[in-house]
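One structure is given below, represented as structure tokens, and several questions about it will come after.
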């Protein structure tokens, strides 16, 4: 917890955004009298129903967690034994940005597969599957992909469908880290169910999309995650005053607010990237959701730092990330572009 | 997530209580613009300072977590190696009500010591300490006690002082599970620092005391918990929009609100227990904080169930728990007493 | 690895004994040419068959490990998930003398039940089973008992039968730590199968009973231990030159050698205990197998130490353990008795 | 444990070899009377001294384990916390052939670095070290290399020296998996100390080099592996009848037997590879120790299978491994070459 910088955090992350007023209002609305704890209350039941309905998954189990990291860990750790192998892309959040939590909790090897900005070719799974059976090797059990990816890419509905089917054909379960699933759904303009294809379990992001906190798990094949409620409890993510996480999901899912906020963030990212390319900057990845990855010369990045706290995901590569959120305004974007224009 | 009962949850748990209006208001107050994520924001810094000040612990590190279970696990798992032994009382929350999370995360043996309602005699430590050194045995490393205890008892300032000193003399660290520390401070009418004696690390409860969610860790001897920030991150308790947990702590600590709410809960528990004994019921434990444990004949408990969801901690023993919260009113108490009077 | 004492280790442990000549000879006999590694060789197949036959368990899986601690850990860790609870007696080797290995590997809580020298009353299980179902509690899954026990007691065939049936009726699996199973079989004069009743998995001791090293696992219900081969491999107990552990089991099982060695050790323990009581010493536990626990005044123990390295299992209690082995001779026993007589 | 094939295991692995007569004789020589258990006996002390002397490491701690997998796991798991990262090559045994044991035991992420047959360029470490410090990332703590490598390559003394120094400069510990360290020492014709450079901890292989079982750990900087004795105990690798593993090391180290056996195996590998290239086969890796990796057309491999059980390390690549051992004879080699000549 170092000194607070004067730099704007406007594009630092969608985690830097405030909460949407309707999420906040929902907290007030349910703050009446006592309520059963640990998810046995009526608000939680309604929120779970709303999530099942949004994803057209009547038989799914729904759990809530405080953070996306937790939701990912609960999903993966309840899917595997310590002699299993978890597969992920080489830019996966579970690999790079969760401090090793998924490995610690599962005890399982986490193996990165080459990818195109987080989009993995189905054939990449085959080499790992060849190791199934022998007692000397970790056994591939689940693959986790991210929709939209950590590099701001979106799996098209056919692409994710093909990938998931290929994984299933090889005997693998599929987890979708959907901490930005709303951005993907909005970008694809498909139904939420199409955006996750036949995945077995999905982290449905709330925090990055406008909530104060809270991500959910949609468990479509609960038989493969039989201890999931225990894992959730064991790492302290079964909220006691559970209505407060559930109420926010209810608010976001009502009238499609969750997709409106995501669509807005995506639009702002396009405005930003269009402005950047117009001034001659080169994008490192296609902008398909709410994140912009742009090549910035090291000295530009350095001179930008006092104005904008933006992230260089890989310290060795001069690519910088700008993230737009539900709260990003056109003038936020234009101000950033103006600052960049001065520096270039 | 079963069917919702019509029974009142008024005395089910302090987790059933709503959030205090000032905690909720604090969320609004900090919901302005973007802010640095993951605890690097200004609100978090102020909340950490306020907590240090409340406990007169200028050099302590402060971390926040979403739940008390998480705070306990982070404390214990960062204190030990998997060949260490964690000691606790036979009624400890970490032993009975965290689904084995502390053991899973630490890999260490958790050993229960006999206690008087959670109050452990210092000499109980000696027998364990005799096992130090030999490679065949788990090595005692930390003892965790609860203030106020799971059975509603309070360690007096001299008693906790003696216990902690004895543990330290034997080379043990001491953790205080203070999910109800405010109730203890209020009951003892001492300073917060006196209520935790020379403990090395303390879970400071927020959720049960009026917040929507959130417990803190006061780490007085950070050198013994060197990886604590990683453990917090690894189990998904480093909040991204961190200001929202910090702001609530700021609100509760302001003007001593956290002790006012606790004092009120304690007063309600005394009113309830006085009424119970007046009608001939026998208390199972002295009422020293905000919980009442009372012997209720099995048939009374059964007939009470449609009206009040109250907890029988041990299914084999006809003792029932009533918990009072910041929001419990005198008429809540009187209604419950009236219902009991009818049943008896 | 301190200085080597001049004290005799004759009664220190059955681990102090040398290897039986026939176990050693077996190593020579199989040391011919190359052989398939990791348990896929013909000697291993024959040894597994011999063990199945000895225990009348045609459908059991058989695995070998280098040590009894490893066999116990492999059994328990492959039976449970980290939200399960393992039950054991308050004197269990898995609880007290494996440095927390079973907890580290399984991540599960290990709960001690009161016992009579390791013999647990079936009703002790009921209290734990009452906690099944709720997500807040570790879920009891397996109980481990020791035959003969760490305190030298033997479960009679009816007693172990009743215990195992009671555990099964409650939904628990049963593991028998049989690091001294041969001593129990010899003492009871029943078939090996009767001595383990309907237990699901059994550690069959070899090391203490005359081998250089090696304990086996008899897995009667492999469907409940599905990853057991992986656990064995993961902790380095799938021997590469596997014939060398298998050959010793073959030698011990041939012509009932394993029971002859055990019977002899039991006889020596009886001779020793009879001599002790004759000189007025008081036994701490009935002598039913190959161990003698005797009350020895602290000063006698101290003066005995230069002559005999004998073990005081609990540093707080003046009870000392003498263990007889396959190699203990009558004159070993008589010498020890003579020494004691002088000291008293 | 499938059916036993009629194929010769002569080149299947150095694990397929029998034990050297002098290792076996050593078991007889120490099988006299009782001895202190768990490594506190005189034979163990002498073996530890001999190992220290062989590696010119007077201050090193020495531990023994039954297998190389175990020794590797004990080394790595005692070096790291679960938020650390372990680095290894992309062909490392710890990554590919220990069923995920190092990850399960350590809880730490295991990250593969690109290599040339297991030889890693020092600069490969730099990219990982850039992630040090931030709480979001696993923290690189130790790198493990293999000498000689899994692909039969040998780190030259200058190369391993430079690598270790580079790792140390970056704050990393270095483990050497020396399950075939004797082959490397013999190949390099340097002192054992030079072959491991300034590494902090070394697995010294015994099993593959002529023992029945047993690998050792040479811990040169014990202060970085403080709980190592507990890890050894926790996974069942502290032998009770410890003299039997120690005695074999004594025998192998006496008069340089361990290097003679290794030198012979290396010579046989050269004879084999020379014969192969003479008949037009192409080697996949330079033959520098006792392993030969050769490109074999798929149909040749298939037709070879009934005669020779040889291993295709990667099922997708037509490269086949032949391993020579201390017991491989010239006529074994010539027979294999003759068989190949027929098939080609």
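The first chain written gets the first letter, and so on, giving A, B, C and D; residue counts start at 1 in each chain.
Note that in this section contacts are C-beta pairs under 8 Å (C-beta built on N, C-alpha and C of every residue); 3 or more make two chains touch, one makes a residue touch a chain.
Chain labels with UniProt names: A, B, C, D = Low specificity L-threonine aldolase.
Small disclaimer: the values here were computed from a predicted structure and weren't measured.
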Pair sharing more residue contacts (C-beta pairs) when B-D is set against C-D: C-D
Selected from A-C, A-D or A-B, interface repeating B-C by over half of its contact pairs: A-D
Greatest separation from chain B - chain, by CA centre: D
Separation of mean Cα positions, chain D and chain C [Å, integer]: 32
Whole-Å separation of chain centres (CA-atom averages), chain B against chain D: 50
For chain D, residues contacting two or more additional chains: 38, 82-83, 98-100, 104, 107, 135-136, 230, 233-234, 238
In the complex, chain A residues that touch chain D: 82-85, 95-100, 103-104, 107-110, 127, 130-131, 135-138, 315-316
Residue ranges of chain B in contact with chain A within the complex: 1-2, 4-5, 8-10, 12-13, 15-19, 24, 27-28, 31-42, 44-45, 48, 65-71, 73, 98-101, 104-105, 207-208, 212-213, 230, 233-241, 244-245, 309, 325, 327
Residue numbers on chain D that touch chain B, as the complex places them: 38, 81-83, 107, 135-136, 139, 227, 229-234, 238
